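Next come the structures, one after another.
In the two complexes that follow, chain A is the common piece, with chain B as its partner first and chain C second.
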Partner chain A sequence: MSTTQVDKSAPSERARKIGGMYRTYWLVMLVAVVALSLVRIATGADDITAANTLRAAILSACPILLAGMGGLWSERAGIVNIGLEGQMLLGTWGAAYFTYNYGPWVGLLGAAAMGALGGLLHGLATITFGVDHIVSGVAINIIGLGATTFLAEAFFSDYQYGGPRQLTGLDGLPFVTVPGLSDGLKSLNDQGWFVISDLAGLLAALTTKVSVVTILIAVIVVLTAWILWHTSFGLRLRSCGENPAAAESLGVNVYRYKYVAVLVSGGLAGLGGAFLALVAASGFTTNQSNGRGYIGLAAMIFGNWNPFGTLGASLLFGYTDALRLRSPSAVHALLLVVAIGLLAYAAWRFYQGARTSAIVLGLIGAAFLVWFLTTDTVPREFTGMTPYVVTLLVLALASQRLRPPAADGQVYRKGSAG
Partner chain B sequence: MPAAPPAPGASSTEAVIEAPEVRLIGIGKRFPGVIANHDVEVTIRPATVHALIGENGAGKSTLMKILYGVQKPDDGTIEVGGTERSFRTPTDAIGVGIGMVFQHFMLADNLTALENAVLGAEKLHGIGDKARAEFESISERYGFGLRPDVLVEKLGVADRQRLEILKVLFRGAKVLILDEPTAVLVPQEVDALFANLRDLRAHGHSILFISHKLDEVLAIADDITVMRRGTTVGSAVPGEVTKQELAEMMVGSELPSPETSESTVTDVVQLSLSGVTLTDDAGRDLLSDISFDIHRGEILGIAGVEGNGQAELVETVMGMRRLTSGRILLGEEDVTDWDTRRLRESGVGYIPEDRHRHGLLLDSPLWENRILGHQTRPPSVKGPWINRSGARKDTRRIVDEYDVRTPGIDTVARALSGGNQQKLIIGREMSGDPVLLIASHPTRGVDVGAQAAIWSHIKRARHDGLAVLLISADLDELIGLSDRIEVILRGRMVGTFDPAGVTPKDLGAAMTGGGEA
Partner chain C sequence: MRRTTTFAALLSVSVLALGACSSSDSDGGDKASDNTSASASASADVCKDADGDGPKIGLAYDVGGRGDQSFNDSAYAGVAKAVDELDATCLEGEAQDAEPESAREDRLRQMADAGANAVVGVGFAYSDAINAVAPDYPDVNFGVVDGFDPDDKPNDNVAYFSFAANEASFLVGVAAAEKTASKQVGFVGGVHNDLIKGFEAGFTAGVKAVDPSIKVDVAYIEESDLSGFNDPAGGKTAAAGEFDKGADVVYHASGASGSGIFDAAVEAGDGNWAIGVDSDQYLTATADQQPHILTSALKRVDVATFDFIKSVADGSPKTSYVTYDLKNDGVGYSTSGGFVDDIKADIDGYADKIKSGEIKVPTAP
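After this line comes the complex of A and B, so read on.
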């Protein structure tokens, strides 16, 4: 039969495309490591690839990544969930309450449930009542902040180590260290060898005191990619974000999939809140997420609505965040990284023939270079905004190639098919 | 009319799946204030192409939605293969082997062809290699030539339609409903589609073919049912009726035609484009070196397959896009750098392609819609203020002169039918003595009555010395109205035709780059 012949050529074309994608990821990673290593040696800012910095980067990235995954789930089904921030806040309270009463594992579940509750609210407003997604999301953020503040005061004031605005002394979750490997890698990291020490630092960060929640998050990212792109459930869910009318005309229950998506979305954001309260810190405080829900949404956009892209973006944000907290002086070295990155990108754009943008990028890159060469430190006022500036910069550069789901943010009414 | 080719060797290897007979008996459907269908009787014989014809608004689409389970009938029964069925959702209809290809494609651009086909039918063949094999085998069997891993956004219109048909076949449908499938195709693509349909028929499928294009119906159908005002008014067999007879059954009276009378072309150039080029951000040419003149009293028709630069051309002339090089003259003046408002104030009227997105505020009353585009000119404004009474009075004039059927000028635009919305837009654009009218698909989606009225307004304006740039996908309209036709292909003008001697076939060939330029 002639079909078998076609059969073989098609998957190989597909495999080639996917293979190329992964090659690009690895290439970018490699270039980043080499650049960081060069900058480390040139500036002597050992902190920028120290194992401790990278470990802090992962800790900082995790809640953002969870918020990003939450955003990914809902936006792939066509619902903009700007309420991630509020759902995260609900999660921090849920984590604290349930951990205090039933232990940390139930605390995780409780956080996810509280987040999902926020998601349900968003779903009710946007799916059933057709409220504008942004309006509903902003409302949920306000409700999330108000509700957690109120609930904390109502419940935690009487608890041991509790107060109207915080609850500390919560049981933590276990950390995992790979014995042997961890120490060896760390000492290798301290040697200061070109590239090898930097890679060792990265691996040490991945093998030393890794929270089980971090491992859970890694599983979630892989699972999200697998469910959304390799199951019929995922196909249906994504079709609701691309063309809900078409999906409905084929017998997909659009409302149901949107609800599932927004519930999962809220649940993941809630889990992100739990990470903040139980892993990154040792207790609950009000307004603990402090804008990470929004950053997660930005990370998802910069990650092109793709789980691994979101992972990369979250790590980038986590890295700059960790760097500014641990060693403000290393932020100065980061200027050089940014300058090199911009100049390289400018050269690439120039090679592509986009003269104007290449020149503009080149000038900005040169300005960073001059800034780096003429100063010794970055003013304290600026270091605090490093993560945001870097995110903004990367988003601005990447935004040309981004492709949101086609029906993202649009209100869908049942029966629009035909 | 193309002769039916013999059905290609369907018999040898493939098992012929015999479609069941479908009968619609006494179907009725009422919406608040309208009777969409009443006493509809249709019988579709197995393995035939059954054409359902009627004007816009005759109730064809409602009937299709009933047969496909999108809407529930108020009266009547549906029989499939002799068994009475009732469908609550499309899934029920798919379950008994009825599939539908909508007029507006139901495809997700950012998913692959395979994903679109599999969606909703994952249980049949999974979503992996088995589904891929099934996809390829269907594509092979009917000669669709579709590849499973291409993103739908990369597919052309004809391929999208084939994908829609494949999608239905993937679900094992025996009866296919095609709602105006030829509306978006050029003549050559229509021939290819018909070859596909004959092939499907030879494999034992039944096809319900909805159209109002009589040539096509006579070319493809085995049976014809005619609908008018929500009910079936007769049936016919091709070969035994003429086009004229069918048309009269459809309309119930004589047909209007777009034919213009004597030429009114003067030698005063009203709009002149020279070397107009438009490049997008990526450096590709959307329009390349376009030059033409339109004289006063002349209608220049632009023919082209949608997406070949018509929209960009209109937006460039209207000042919505900045051209990369070239010059535009309006009368004596160089208007190349003018913005849209200045152009409109100097007498350019514009009937946009999509009246809902660009022509009207659907939730605003008619008199506010009258002000749009005239927000700097009397009678809509007085100094910096909106002249409420002036605008309302002028809206009443438009409603009367252009026969806009509406309860009043405070009605919101959404409540009007497409034809009446369009008449309001035309009335508005003809206000304030325009010198140039740009009409994009002026009669798209309007009924025959409104179509005739719109044609006569355009003809009268031409007679009064208006220059008209007409873009239309309806080749009969182009040939009937235009004094000259230019064909656009991939942003270039590829040929000039005299409407007196050109057939839709010739235009179609030029539109796809098939014919000599």
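After this line comes the complex of A and C, so read on.
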């Protein structure tokens, strides 16, 4: 009698919690759209929700998201993968080499394979030899840069449109546009109506010239969430990141799961490199990842080691990055968005009874508001930092609730379960 | 455990083997020989069989070496001309990525010890090495492309070649202004530093000289991080932003990020142009990109290199800072593709005005 009650109440409790979480997501998104829309009308900075800006934002977010997903896989199994940057670089070379010789689809596979090779090296060092994860990761970044530079010089110098440091003119992958919908939404976006035009801009960006790789990435995010949280394989993999000794005592082959995780991790980072070389631009240059691997890692932490959190963080990065590159003047309008966001959060904290943090947040929000009202432009130096400042701000607000896997970054030796 | 040790040993052996490949590869001389679009001068190595009794040249390439279709090839073209016209002989050496400063110095010393009397370092990265080596070889003359003197002590046997990039940018600005239909053009810089600001200033001045009402959009990929020269994706985002907002000609000074700017022009469609920089980028662009490359602002490293060697051969070697500008043909614009043929007279008219001093091109925006 009592046991059935427990069995009944446990899932419903969980469902309510998850339902509440999704409600919060939707609420936050709605507030963000309304705030952006208000700011757009108040400042006349149409670019901040223009379909083309949002499309560029998605393109900028994709490689970061893939790196973030890579980080998620390995860290969920307890391996800190700081080598994402190097694995991404290996991926750019793999994409270029295999696309040139066998076409872009094989290029994607080649990029994933090269990235996975970097992941294998990381796994060998950290899992089999027990090297410190950070040391190995840094080494992989150096190896990634050195190897791609060497390989590019060795292979691409003789190729058409190639040189010792670049290979341009690679075949691209197809784009998908939803006919009718795309044009209609774009013209709606141009109307400048409150909220409706902004949402139309977002939908237009999702229906106009979307790369098939972007669609593939969306599938990867959903698959990652499903595999890691809804299969027994995923449960075992995550148990290796939370408490490998307990996992091993229950018969889980910890080394094998860690290897799988780190291989997938490298492969995803390699795909991120392929996105840079094949979709975001049509060419390879040495060292073109430009720190996106590190940003992906930050996006994953900021997304609380969770696929959809990582997605949100990557989109935020991509958005601010696209905005600063496309319309530096619109970054000024972003100050108002930040001010509104901070003040709203402060009000929420005050309502919750956290007086001190509410006052601190309110003061910072007010400072941003004053900054917005007393200036017409943001200094160039600040524009370049936008993505990082916004992230730092959100991270500072969210960090109290972040929880990494318990055994993340610890070296685990087989048999230590006793 | 034994298995892993064996594996580790194998791994380290293979790493060593790879390293050996790397150094032997850099000595191979005919890397660009299969490249159909490379300049013809790069296909044969004149240094191998030059045996004249003119000056002996040491040519120290930057990373990439001969076949890079840019500065290194251009410097080689200058040397090839010297071999041809001055009966010169030459030695070559190439930098590796991330090599230590001492490797650059050794390369220069080897050339000087081998009897070279005119040593040219391609790229500003040789500035420090040449500053360290030059005092030990007072009879050898050194030249650095884009170089600078890193300390206060002047060297009387070193020449630093600098290029008036603002003047070349002015001329392509004129071309952009004459070709734009939307009365809006764009500029994408790699990094927001003084060097690239000079490109922006010259370009804007050229555009405004033709029609002050034309709007110039300016974007930089990075504020201070040099990775802005290596980011095609960022370049494409910035250029696409300018095309979306109505610009139909975009000039870039962003190094390897430039391929992203060309991609953006292709995506923007017919009637949209990109302008290349430093070398004639029409020659190295892909078939898709070529119809969109209006012209390129040129830095004539070959002219500077030949000029320096000639000054050594004549017995009055150039020293200190030497500026190459329109007057001595050190900068210019390219006409490959024939897209500027109809406005060539206008551009040359402005070039004459700059040469005569009638127009002063600003160096900062």
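Everything that follows uses one rule, which is that the second predicted complex is superposed on the first by the 407 of 418 C-alpha atoms of A that agree within 3 Å, B and C clash if a C-alpha of one lies under 4 Å from a C-alpha of the other, contacts with A are read in each partner's own complex, and residues count from 1 in each chain.
What we mean here is this: a contact is a pair of C-beta atoms (placed from the backbone, for glycine too) under 8 Å apart; a residue touches a chain by one contact, two chains touch by 3 or more.
Keep in mind that what you see is a predicted model, and the values were worked out from it rather than measured.
Judged by the touch definition given at the top, the superposed model places A:Asn290 against chain C, while chain B stays out of reach. By the touch criterion defined above, A:Thr128 lies against chain C but remains apart from chain B after alignment on the C-alpha atoms of chain A. In the overlay built on the shared chain, the residue A:Arg403 is in contact with chain B alone; chain C does not reach it.
With both complexes placed on chain A, chain A has more residues touched by C than by the other of chain B and chain C.
Contacts of A:Asn304 after superposition: neither chain B nor chain C is touched.
Of the two partner chains, neither chain B nor chain C is touched by A:Ser329. By the touch criterion defined above, A:Gly251 lies against chain B but remains apart from chain C after alignment on the C-alpha atoms of chain A.
Looking at the shared chain after the overlay, A:Arg380 reaches chain C, while chain B stays out of its contact range.
Chain A meets chain B in the complex at residues 1-4, 6-7, 10-11, 13-14, 230-232, 235-236, 238-239, 242-243, 245-252, 353, 403, 405-406, 415, 417-418. Here chain B touches chain A in the complex through residues 61, 64-65, 68, 70, 89-91, 94, 100, 102, 105-111, 115-116, 118-123, 126-127, 129, 132-133, 136-137, 140, 147-149, 167, 283, going by the rule given at the top.
Across the complex, chain A meets chain C through its residues 52-53, 56, 59-60, 63, 128-129, 145-146, 149-150, 153-154, 157-166, 168-169, 276, 280-283, 285-288, 290-291, 321-322, 325-328, 380-381, 383-385.
Taken in their complex, chain C has these residues touching chain A: 4, 8, 18, 21-22, 25-26, 31-37, 63-65, 67-70, 97-98, 192, 219-224, 227, 230-238, 240-241, 244-245, 256-257, 259-260, 262-263, 284-289.
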